[in-house]
Amino acid sequence: MLTSRREVEIEWGDCDAAGIVFYPRYFAMFDASTARLFEKATGLKKPAWRERYGVIGFPMVDTQARFILPASYGDVIVIETRATKLGRSSFDIEHRVLRDEALAIEARETRVWAAPDPERPGAIRGVPLPDELRAALSRED
Amino acid sequence: MLTSRREVEIEWGDCDAAGIVFYPRYFAMFDASTARLFEKATGLKKPAWRERYGVIGFPMVDTQARFILPASYGDVIVIETRATKLGRSSFDIEHRVLRDEALAIEARETRVWAAPDPERPGAIRGVPLPDELRAALSRED
Amino acid sequence: MLTSRREVEIEWGDCDAAGIVFYPRYFAMFDASTARLFEKATGLKKPAWRERYGVIGFPMVDTQARFILPASYGDVIVIETRATKLGRSSFDIEHRVLRDEALAIEARETRVWAAPDPERPGAIRGVPLPDELRAALSRED
Amino acid sequence: MLTSRREVEIEWGDCDAAGIVFYPRYFAMFDASTARLFEKATGLKKPAWRERYGVIGFPMVDTQARFILPASYGDVIVIETRATKLGRSSFDIEHRVLRDEALAIEARETRVWAAPDPERPGAIRGVPLPDELRAALSRED
């Protein structure tokens, strides 16, 4: 599957009073990593692909993370992100965080490809993931 | 002037690796405190007063803070917020943070009462602060 | 089991550009809720119970959340937090978020009761959860 | 003066419900930018220079920012950071944020070079900025 890899330098403000990354910060990093994966797949930034596909985005349905090694201020971690399952409108993403080449966090998330619901103003509903996006997320890296 | 007072308990995630509040967190607290002051003045939550007055809100123009005493996890600080100057469309807010009854931070901000600009789609412009809001922010507490 | 209930008002800065809570913010709220549960169980703030029990805290091992209903600026959500399993040194916590009395999020987390490892300077290890804390977390509310 | 320049891509989670960067996020970016400036000046990450100079860091004393142009999701801003005044133990830093080559934010901060106070356990005090650091921050870029 297509994989997005990026380095993230841990900032002072990412860390808590124990001197390690405050774990909610990782979820913010993962959210940005999923966005980068879709940028790589579509060649477009989120505002552009939202318009192209007529969707509001991909709201989070379920996420889980297992923390194996902590990271501290000044560490540079690598986040590897790829789709692991592409359903009709929902899909699963996996994030692997490496610190000094060791697996530091394993995380996954389920999101849904969502558009405004024409029958319920203000509400959204899942819509089919476009075939070209499905193909782009599935291609060899 | 009308004053909004609230207690904020410092959470673990508000603190940095030195064990004190990471100062950008205070600005988030101040933003919420200004919102509470306008709630108190209007008797309405922001979404309701935005609709009532036809504005998008009060974007920040300039802010400054002086940090006198640090606060740590578990401290309960008091934030006192009031308007100090009401211009035609811009206004000044002051925040005083007390910790154990001592002044811990003095902050001020200038915001502008803003609405969509009918002549430039997507842009905003300052509009006059309504008289009733001006009166409400100025009344004795 | 002992349950900690608290109301959290959603602030402007908790929300993303879609106008709903940016989900990493919920994990910060959950972290604070677990802290409140332990405060209720021990009658002590974290710095005090860390000293009393000679631990550094309860690092996160694994967490998961299922998002059912979104919340927006000005919503007041209720977070109910309780232990669901107390192992020798690890334990499970459950958070239920209610919005307008409907279940909005179900989350769980596994943490470990941890102290400095005397054999590896700078490292930590799981230590047995004290019986009095086990009893306090298990008591009827 | 030595200048640290870095690009920051605005993430979804940096933005508020108005779709623009929630301004407290800029202060977190500025904190990281000041850290980068000191890294460039010393050739060391913060943990290393803290040890080298026997200080705890450079706590914030006073900061101010003027917001001229907003930035939104997907924008790449440039932050330019340099010292503007080097006192005995306090110093001033300036941050200029550019968006599409236009000045978007002007910010400044006063920090103090601080070490543990030997006469008051747990407290800190300003100590003289080392000459080599003073020279490194002042050198032409």
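By written order: A, B, C and D. Residues from 1 in each chain.
Heads up, the rule we're going with is that a contact is a pair of C-beta atoms (placed from the backbone, for glycine too) under 8 Å apart; a residue touches a chain by one contact, two chains touch by 3 or more.
Source: prediction; values computed, not measured.
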Task: Identify which chain pair among A-C, C-D or B-C reproduces the interface of B-D, meaning that over half of its contact pairs, matched by residue number, are the same.
output: A-C
Statement: Max Cα-centre separation from chain D goes to chain C
- line: Between A-C and A-B, more C-beta pairs in contact link A-C
- request: Take the average of all CA coordinates in chain A, do the same for chain D, and state the distance between these two points in whole angstrom.
  value: 29
- line: Whole-angstrom distance, CA centroid of chain A to CA centroid of chain C, is 24
- prompt: In whole angstrom, what separates the CA-based centres of chain A and chain B?
  reply: 33
Chain D, residues touching no fewer than two other chains: 12-13, 18, 22, 24, 28, 31, 72-73
- request: Would you tell me which residues of chain A are touching chain B in their complex?
  value: 12-13, 15-19, 22, 24, 72-73
Field: chain C-facing residues of chain A, complex
entry: 18, 22-25, 27-28, 31, 56-57, 59-67, 70
Message: Can you tell me which positions in chain A touch chain D when the two form their complex?
response: 11-13, 28, 31-32, 35, 45-47, 72-74
